[in-house]
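Dumping the structure here so I can ask a few things about it.
Going by the order they are written in, the chains are A, B, C and D; count residues from 1 in each one.
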């Protein structure tokens, strides 16, 4: 006969609550705060596992070529991206707990941990890679894997070479069909004087018009933003970006016309990416401050220079920064080109009750 | 040769990260959010273990009969009580994460969990008991242990009958020596007209004086607070309180004269107790709201009526409420009796540089 | 020539920063914390003004009879409801600041404030009324306006008798057209055995079918939920609810089928209402605890019994509780009736690229 | 006859709630979010006023030459520093509210505000100056006052040249009398081999001993920390530090022996400084991210390059960083020199009950 389900066994609390073995106990040294140190890292790793669970599910959904805006799954993606941001907020908040450990309390057991170190958290590095952080943008390229086990290095390398979430976002943005609809744009009204901008790769009249209006919105000191505009939105450009010009155009269009039903969830999706980047950034920043407060200029248990490494990583590792920078190219709502009626309808719901 | 310490083995991540076995997988049913449900409960239980680690250390310190105000350990107690409050804040915040699981998402796996239930978290109940929640003040007395394993019931019963932290606080307060110092109080100046209050058990001139001044501070509608005053501070009174009259007097004295060096940490200690009760109360309140939002009037997986039970427990389970109520008996700082000079000196530091 | 815009004048900082006049200064009494007391209440009132700004705009949008699901404005409503919840979270957090004022510090100036009191915050009461709290559900009916100026009482009475946001939500839900679409439901497949439930007011085959499936999902001890089901969703019922049976059906449908594009924002809207209620509830709860910690059983400056009043209000004033209770009537996703294809299409986007 | 005190007039709500005049209204342009923009800045300025109220009171207490460790006022300082940190946490949290304003919503009124700008918040700059940020450490020295009114520039210049809170902390640390007590240290046991370190300015045997033990605790790669040790703690050194060698020694002593009653509050004081710096740092970091998300690479309304300026300021403006760096010079508790019994007694309470 099957035994009844019980809270303890369901949660495997025998494993979870018996996985704390302070090194200080092995040395017969009293170091009360080592338990805190172990448990907070374990909760971080549990949450990292949860973040992987969410990211994996999102990647799997975004990877379906048939995903379109009528799929209920787009809502699922937005919902889970939001959950990721909510979890990251708690992870930031948890630093408050670790800060109740004073440097003297940490010293009670710090040296016993060498050479173990938080740099060995492969789950966090794998998470960055899955989201879209490429090896070439890593701070301390070789260093960051030098302390990992080979099976974890492989996992990360795989994620770095495979399709990241960011690349799937790029592909999804490129699939947006609005501008291929010749019929729909037939009656688009243009106020821009004819120019030879086409050569630079803005083939669609909407974008030529938009660039003209954007140009007018710039203050004198901002005029060099026009070059950046071409870099970001025109086809013939340097290729070191993670988002294609086509994807950037779709993303900007979504930001500009987010009120149309079909663009509402895509807008939320993009906004959630920025929220996630900001929470990751805040986490890195507070983590860096905390490490500095804890060990000053001493070297970390893993042998790193501690704060400096963390600071450089924090400054560089914005995964969705290209999306954030699209903000530079917005214009005021009341100066937006009006969409043709047919396009407007297609961006709405089918029901005509 | 010993292998090098590594982050993974130090944190026993093989155990921690392989302890999630969703029931829905056993049923071949897709229920994405069950992972979240498991992991959030595991992090709660890890933090509960940490809270036990702190409470146990505090109980052990407070239980030393020789603990006095010159002991560095009093600072340790205050520091760890503060840490407990910081942890509880994060536990409250974590509810935000669970609330990203919608009721429909919960339904995907809810019925598979019966009869497991959060009521089976023995760590939380044991924590309440160690802090000082007595069996007779529990809501749903029998019910709350009916679902626990017998070894856990025993642990809780033991904690309930042993010396709780609250009782150790009571004993520590009773040890406060200020009023036994006859010499020190010789020159205490009294403005109160002589009364026969002694009979009620206020033997010390300071307290007769204080009651007189307190009485003068009351608005007409508050005059029945005087009876409460006797209940709380006088010796001959009903005995259903968890703090003795002597302990209450010491606690009030600490609140009134907290500026004196010797009373500074004791004040922080008392204040931290109120902070802990408030965080526990907020946790119970938000937990109740969350359960209501999740299952409405359906019965919980453990068979309980859910919200109603939680609401009653939340309303009743203030562990340190007698300390909170001392606030009712404060008077304005500028109306406080002045302490004799000798007492003032003794409440200060020894150094006379 | 016009003077240049400056931060100070734009924000009218001369007014804002010169509006703090502690009573203690008038009495030549030192009470450092009165400044905190004034400023925190002023920031609360500023945020209340902002909440009114948001609620007024939402009420104005929801009041347009032509509002439909193709309107960009529905996104605006959802966005601003979310903002309201974000603001409320900060208001809850702010209580931490007030709690750094100890009861003794408050006593330094408390009596000088009589009979002024937080009960006189008309903005908060007006906010509750605009959202949908009716006079008859108020705790302490007469009492709550007894201390307000007549012009503010009038504002609140007006809001109570006018169309509240909750009533506009009800009207918007009633306008949902899905079930009037005879053509669309022609091919709806039913497994429920024919019954005479019609008499109870469930005229549409979807709802008869749904009730049948819901009934099957109930545990024995929950069977009386079926009566509640009729109360909530059937036409012929007692009339003391704030949401009509028709509105409740639309709301439940949205919860059940939230994945369809047309139901995504409506689902977010409903979810935001629950979030707002929860934040309001947490605010009331922490406010109550804070008052208790501050004055114990003394009476408040406004003459109220303080904590008891606040507790009763906190227990009763859930504005959107009927929406929260719909959770009781959900069934598992995999047991949901499948929607006819035509209905599914109409709940999607128009574009067929 | 005097009118009764009322909540509205006490808080001057007529001023506070009538100080919002959106520029967009002057231009007859609809920009819903400008109200939020105004109100959130007003609440920031109100909290800045409160922070000044706290800092001024702390500066006034710390400026009293007679302030010693028996003064109740030291507790007041610690309490108010903690309050400052609690307020700063809410100010960080408030950024969440501003982030509900999307870049497009900001564009609705952004250009109307030129050249007003948050750089014109003199209260914040004055706060930094009062705490201890000197002109020469400011990022963008001239720039930061270029937009302020002359009376506010004067206020800031005054604060920069007057005694900052940091300097008062330095003076208070220098007053710590422990090491001048020849009698007390007579029996101090030394294990350090005699050296000629005296020449470098470590005259007291405790510090020679401590340096010896610190030196032994360093890993090979950390040996250059010894030079830093001399820089920080020895008399004959470069003078560009804000804390004197003597003050640094007292601060380190407090961190090392914080358990002794007389060092408990001083330790809390130092810890609160680090907490304040960290909250200020987090505020600057999130503010920078938020500005970047809002305007991208556009120039700010005040004409600044926005994010870059803020980033540089955030990286540089750690006011108490010298105290944070003392962490580099701690050694393990079990390797600390034992204090002579007499010194230990003097660091305790006078009472010998």
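The definition used in the following text is that a residue touches a chain if its C-beta (ideal position, glycine included) is under 8 Å from a C-beta of that chain, and two chains touch if they have at least 3 such contacts.
On a predicted model such as this, the values are computed, not experimentally measured, just so you know.
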Where chain A and chain C overlap in contact partners, by chain label: B, D
Of all other chains, the one whose Cα centre sits farthest from chain B: A
Can you give the whole-Å distance between the Cα centres of chain A and chain D? 32
Taking the mean of the CA coordinates per chain, how far is chain C from chain D in Å? 40
Where chain A touches two or more other chains simultaneously, the residues are 258
Answer with line, ring, star, complete or other to describe the graph linking chains that touch. complete
Applying the document's contact rule, which stretches of chain C touch chain A when the two form their complex? 69-70, 72-73, 75-76, 177, 180-181, 258-262, 264-265, 345-351, 353
Complex contact set, residues of chain B against chain A: 4-8, 10-13, 15-21, 23, 32, 35-36, 38-43, 45-47, 49-50, 53, 57, 79, 82-83, 86-87, 89-90, 93-94, 96-97, 100, 113-123, 149
Can you list the residues on chain B that touch chain C in the complex? 29, 99, 102-104, 107-108, 111, 219, 221-222, 225, 228, 255-256, 258, 271, 274-275, 278, 281-282, 285-286, 289-290, 292-299, 303, 324-334
